[in-house]
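Lettered A, B, C, D and E in written order, each chain numbered from 1.
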Amino acid sequence: MTFALAFDCGLAVLILAMAIWTIAARTTFPAVVGFVAYGLLLTLVWMRLAAPDVALTEAAIGGGLTGVLLLGATSRLRATEPPAVSERPSVPFRLAVAGLCTLLSAAIAAVVLLLPDPAPTLAPEAAAKLSLTGVGNAVTAVLLAYRALDTLLESAVLLLALVGVWSLAPDRFWGGAPRSLALRHRDGSLSLLGQVLPPIGIVLGVYIVWVGADAPGGKFQGATIIGAMWVLTMMAGLQTPPEISQAWVRVILVAGAAFFLAVGIAGFWLAGAFLAYPTGFAKSLIVAIEVALTLSVAATLGLLVAGPPARPVRT
Amino acid sequence: MSLLLDIFTVVAVSLGAVFFLAGAVGLLRFPDTLTRLHALTKADNVGLGLIVLGLLPQTERPLAAVKLIVAWLLVQLASGTVSQLIARTARRTEPPA
Amino acid sequence: MTPGAAVLPCAGDPAGALLVLAIVLPTAGFLLALSVGGGRAERVALLFLAGGFAVAIAIVAAIWRSGHALSYALGGWTPPLGIALRADGLSAVMAMTTALVVGAVALFGRQNFAAPAPGVEARVPLSFWTLLLAVTTALNLIWFAGDLFSLYVALELLTFTAVPLVCLDGRADTLEAALRYMLFALMGSVLYLLGTALLYSAYGTLDIALLSERVRPEPAVWTAAALMTAGLVAKTALFPLHLWLPPAHAGAPPAASALLSALVVKGSFFLLVRLWFDVLPGLPSRAPAELLAALGAAAVLMGSVLALRQARLKLLIAYSTVAQIGYLFLMFPLASGPAGGPVAAGALTGGMLQAVSHATAKAAMFMAAGVMAGALGHDRIAGLAGTARALPMSMFAFGLGGAALIGLPPSGGFLAKWLLLTASVQSGQWWWAAVMLTGGLFTCGYVFMVVGRAMGEKDASEPRIIAAPITGQAVALALAVISMLLGLAALAPLDLVLVGRPTLAVVACR
Amino acid sequence: MTGPQALLLAAVAVPAVMLLGCVAPRLRGGMWQALWLAPLPGLAAALLARGSSVSFGPARAQFVLALDTSGAILLGSAAVLWIAAGVYAERDMRSAANGGWFVVCWLATLTGCFGAFLIADMPGFYLFLAVVSLGASGLILQGNTPQARRASGMYLAFALFAETAILMGFVLLAAGTPGGSLLMHDAAAALPTSPWRDPALALLIFGLGTKAALVPLHVWMPLAYPNAPISVAAVLSGAVVKVSIIGLIRVLPWGAAMPDWGAAMAAAGVFGAYYGVVVGLTQSDPKTILAYSSVSQMGLLVAVLGMGLRAGDGGTAIAVALAAAWHLLAKGGLFLAVGASSGTTARRPWPVLLPAGVLALGLGGLPFTGGAVAKLAIKGPLGDGMMATLVTLAAVGTTLLMLHFLRRLPASAPTRAGEAPAGLTLPWLAIAFASIAIPWALYSAVIGPVSDVLAPAALWAAFWPVLVGTLLAVGLRAWGPRLPPVPAGDLVVLGERAASGVATWSVTLERADAVLRLWPVAGLSLLAVAVALGAAMLSGR
Amino acid sequence: MTGATLFGLCAAVLVGLGLYGAIVHHLILRRIVAFNLLGAGAFLLFGVVARRGTGAGMGGDPVPQALVITGIVVAFSATALAVALLLRLHAVRAAEDADR
């Protein structure tokens, strides 16, 4: 057994332990904490799987923002968490569920073991066409050229989720700002962090977007960091969420997707196909789209964490 | 020279790992939040510091070394703030031991 | 970078650009409506939906005239690396239905979801109009996308639009219904996603056309097919996975219910059809198809009986949807006979026609029920007396929609039933015919129960029935009439459905 | 489009357009006066458009109207009845509370009835059958009593069962028809060689037999007619029920002999003929007695169809159509007579009773009435065997039943005091006259010279069953009260008990649904579906 | 056994665990957490597929990696929407209880 495999084994065991903890924990808070740890461990797995782009995304979104969201919900729901054990399904029932889950897992595991060797891959093809896109990071090429449609839709999905979250506002608060994220008890150290970290974070985020064209990184990762910085300042009480009816909020939210769509449509005339880039401009357009999307995605992520409007419009 | 540096790295990283181990034991064994926090922060600061220090000679480019140091500083900042938060919350919610 | 002009491969069919347009138009509308906000979202939505309607007609015409499928390689990147849009007859028919029903819902929604004052933005109108555009994007993508992962994103897009529509009124029980719907649909999506991962692991592509050439019977495919089918079935609310449907469809505002029942459940169903008959042609043998049909049969019987037992009109219609979804699944064993045979073609056509017919009829019924509930102030079936006299147009729409569900000629439901019955006779599977006929009887039962009540004389003690605006009633009636005449109009779509299906010969269905 | 084609179209389109006109409340009010006009194009078509056909729509699913001889016979006589009943209904029902619905249902039933007589393709027939059933159940509801509601529901339930069977029968017919024709004529011709011959025939006979009140599928009939308004009972018992006869005529293959199916139909029909008489004798309400008489008479018509099928006799269709036309007019007339008699005082019953008596005994075959003509017409298909004897003996029973009816008629009379208004008696007298005249005219037009009917042997053959029946009636009068009372609708009581069993069963289903919709249970189902699908894929490789 | 296969098996188990949690838990927030666990399992499966498809000098097939990035963002949107729904439901319930 090589050292690497031993490490992988240890990692797998830890992840499974965290997963079991997350499922089995008696109350919600430790479960969520377990989930965040699980997300961070997964980041390591992604590194082990030679997927640094995914690792960045997982760390930023899977562990980070999802964790913030879930922890926030946990603390807000703590008062209402019923201790009811009677609602839980009976033991035989849970055994039946467990049995079927095991069967499903076993089926997937069997397929994993039986996978063809050598595995079919698009890596050579992606590499061969990479020069056409001008970028150096194949993942970015996939996201913004080969499968640009998915990315375009994904930005629409984020916006749509935001519309969905907003639609849950009480009518009287429509157009107002989401509830403040600031902790109930103001804390000096947090506001210090809120002042020190964001400049660094924003630089880091921009850097990740910028290198994304050629090295691991990209808009979602960078945007998440920038978004997280925003959330941090809001939590530190240094900023309040903006009112959602303000025009600039809307414009920032929509700009990224709209720009992407516009470039895609322009491709009809300039490059002969929707979402195609004209020769020689591919890289610059891709970077431009990434930048535009970064801002919008960061704003969307921040507002998704902030939740629906909960304060009346200031007049 | 490189051998010396390698030995330095091994020693420093191992020492860092020991601190982390101690921190983990403390986290599991200490009775209340504040003492646990105490164990954890010590491990974090010193352990991570030693590991970063140990890795510095192994970097190929200066930029990588800067990155490592920045990572350490950021962790310092974050863990300092978070432990502060946890400690305050603990003092508010837990009865003093 | 290689120099030269033809760096990027060119896209396919020029008419294929229509497919792009069908997706881009509502997306652009969604972005525009969200950014201009205010009271202008409605106007933006109507404008872009009208454009979408024209595009749908153009697509149908292009396919009908050329007799073969349209395709478009996005960005000029051909599969497997890139994503292709593809429209065959099936997708064209569904796209046309979408344009029709979404258009009707938009016209119907104008009275309920107008801005409170000119230029003033309010929660419900803005949400409704943006979501309506997003639903169109998601559905068109489902009909046209040729890539299993893009279809996953489209499915999620559809879920994210459908869920907020369920709880627009913000009451606790609709919120609960929406949450339950959301979580169950998410489980279904993950199962689907697992299946796509397995397929990619085995064949290195997610393109439907390429997969159909490469797929061989082996464990990865069986597991993938089982997982994806289960996930899609959960999203389609096939019995016994219908837990979320009745509360969600009954609780939503009428315009939204119409959309959900008519189109949203058809999205995952359509994907299932794609999966079974395009990705895995001939692969899933009789046994799984029969399992699906058995669940469908249970849905028909259970849904119908429960519809009969409901005290509220919208719940009755929702349970009727459960039953009608069951019908759709009866086509699987019938259409997975010898591929290319006239029996399979007839069954496939019948199944899709059933989907379209149910879409228009059910939308009309939900709208009519909404008008009645609005005028009565409740939707208790026991208190419907006098509605037929007060709201004859809505009642007529409900009755016609019901007749289309029952399958009276010349409705699309009749033709669908006829084709499916014929297929079951010709393939020797008469038991599915028995299920269809029994279900038809139950359908008569619950439709007549409502119509009979509504035709009764109003008790003097009941509060007065408020007059309802004419537009909504007219839209419902128009949809009902369309569903009733679909059997005549559908004679062309009958062949249209089979356009671009190399595995199935284009033959007359009888 | 030629003139006859236009007439065919108008026969269906005029009532249909009037029906659509009812959407406007103002037009609906004015529709009352026009009720009697609606059937006129049908009458004209029957007289002038025989043999023509007209079709619409794309070639693969044509909507074809065609008028063959049997269709023309039934259409014409039905039109006469609808006109008379329309006049009657206008006088009788106009002031009813729910008048608007009455007109709507009346026109729907009329459209469906005429459409069914004219249509030549299967989907069209199915459609018109459905329209007729819906309209008719709505008309029965106009009786506006709890019993009427029960009767209406029962009528609809049976109609739906019948239509379900008919739909499946049609699907089987079409599946067995080479070339994909949907015309009933083509399908019937291909039936003897169809691989689905037996199930198709079974379903069609079951379905159309239900519509024809073949025992034991007759139970809706004695509930429906007595509880419906008079005019409604008249058209339902006269015209509407004949839709089943035209359906059977169209779908049975007259080119080939099918002894087994023919014999089965004949046996079922004759059984019904006797059953109707026996149960009818236990009834006291004249309308119920008439309903049971309809059960009996429809049984006879089915029996004749069966005998014709058994022998492969091509002339059966026209003979049965003629007999059906007679029954159509006579039974319609008798129901109107019940209405007319309820308007007269018990002291002067004769102006009503006398013509009613002629009609009633005509059903038994009284010479010189249309009944005797009808009897002679069906002699051919019946042959000379045992079946002929049984049918003749059934005429004795019919006479007996009809005399029972005549005795009960005045007894039920004085419900409303005063003279019957002319609007009520005139249509009735007109129908009474038509029912005598039309069969004669038809016989000479489509079967043979009238002298056949007037031959002494034929006269005697028609007369003696009436005589025997009359004698028996005198005997029965003494013995009658001792007959056990049978509830109207006899077997239906058992069925309703079974239905309540189904209702409790549906409560169980509702509980099961509630359990299945629990989150964990649904989750378990999801897993189970996935695993089962996987297992099925694995097993089916 | 390679690391990729190991993590593939790990993914299979995670899927089972996630499904179990999502079905059995009676608290909706726990179901949401379990759903995220389940989703991560599915993404991990993609990651394993990507890792196995090394070639052309890349550590893995970039296409599944890109799919996972998209998938993670979609899953986050789903979580955000579900959490918002849950919070709103509780708020409305609490208001209704207060009214009563």
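In this section, contacts are C-beta pairs under 8 Å (C-beta built on N, C-alpha and C of every residue); 3 or more make two chains touch, one makes a residue touch a chain.
All values reported here derive from a predicted model rather than from experimental measurement.
Student: Out of curiosity, which chains are bumping into both chain A and chain D?
Tutor: The shared contacts of chain A and chain D, listed by label, come to C, E.
Student: Please name the chain that ends up farthest from chain C once chain centres are defined by their CA atoms averaged.
Tutor: Following the centroid criterion, the farthest chain would be B.
Student: Looking at contacts between chains, which pair has the highest count of C-beta pairs?
Tutor: Counting C-beta pairs in contact per chain pair, the top pair is A-E.
Student: Hey, which chain is the most central one here, using CA centres?
Tutor: Central by C-alpha mean position: chain C.
Student: Sort the other chains by how far their Cα centres are from that of chain E and give me the top one.
Tutor: So the farthest one, by centre of C-alpha atoms, is D.
Student: Whole-Å distance, chain B centre to chain E centre, using C-alpha means?
Tutor: Each chain reduced to its C-alpha mean, chain B and chain E end up 30 Å apart.
Student: Mind checking the centre-to-centre distance between chain B and chain C? Centres are C-alpha means, answer in whole Å.
Tutor: From the centre of chain B to the centre of chain C is 56 Å.
Student: In chain A, what residues contact two or more other chains?
Tutor: If we look for residues of chain A contacting two or more partner chains, we find 89, 97, 101, 104, 107-108, 112, 115, 119-122, 126, 146-147, 150, 154, 157, 160-161, 164, 168.
Student: Which chain C residues reach two or more other chains?
Tutor: 81, 149, 153, 156, 160, 163-164, 167, 170, 175, 187, 194, 198, 201, 204, 223, 226-227
Student: Counting only residues that touch at least two other chains, what does the list for chain D look like?
Tutor: 519-520, 523-524, 526-527, 530-531, 534
Student: Let me know each pair of chains that touch one another.
Tutor: Here the touching chain pairs work out to A-B, A-C, A-D, A-E, C-D, C-E, D-E.
Student: In their complex, what parts of chain C are in touch with chain E?
Tutor: Going by the criterion above, the answer is residues 81, 149, 152-153, 156, 159-160, 163-164, 167, 170-172, 175-176, 178-179, 182-183, 186-187, 190, 193-194, 197-198, 200-201, 204.
Student: Any idea which chain E residues touch chain D in the complex?
Tutor: 19, 22-24
Student: Using the touch rule from the top, collect the residues of chain D that touch chain E in their complex.
Tutor: Per the touch definition, chain D meets chain E at residues 519-520, 523-524, 526-527.
Student: Under the stated contact criterion, what part of chain A meets chain D in this complex?
Tutor: Per the touch definition, chain A meets chain D at residues 89, 93, 96-97, 100-101, 103-104, 107.
Student: Mind listing the chain D positions that touch chain A in their complex?
Tutor: Within the complex, chain D contacts chain A at residues 520, 523-524, 527-528, 530-531, 534.
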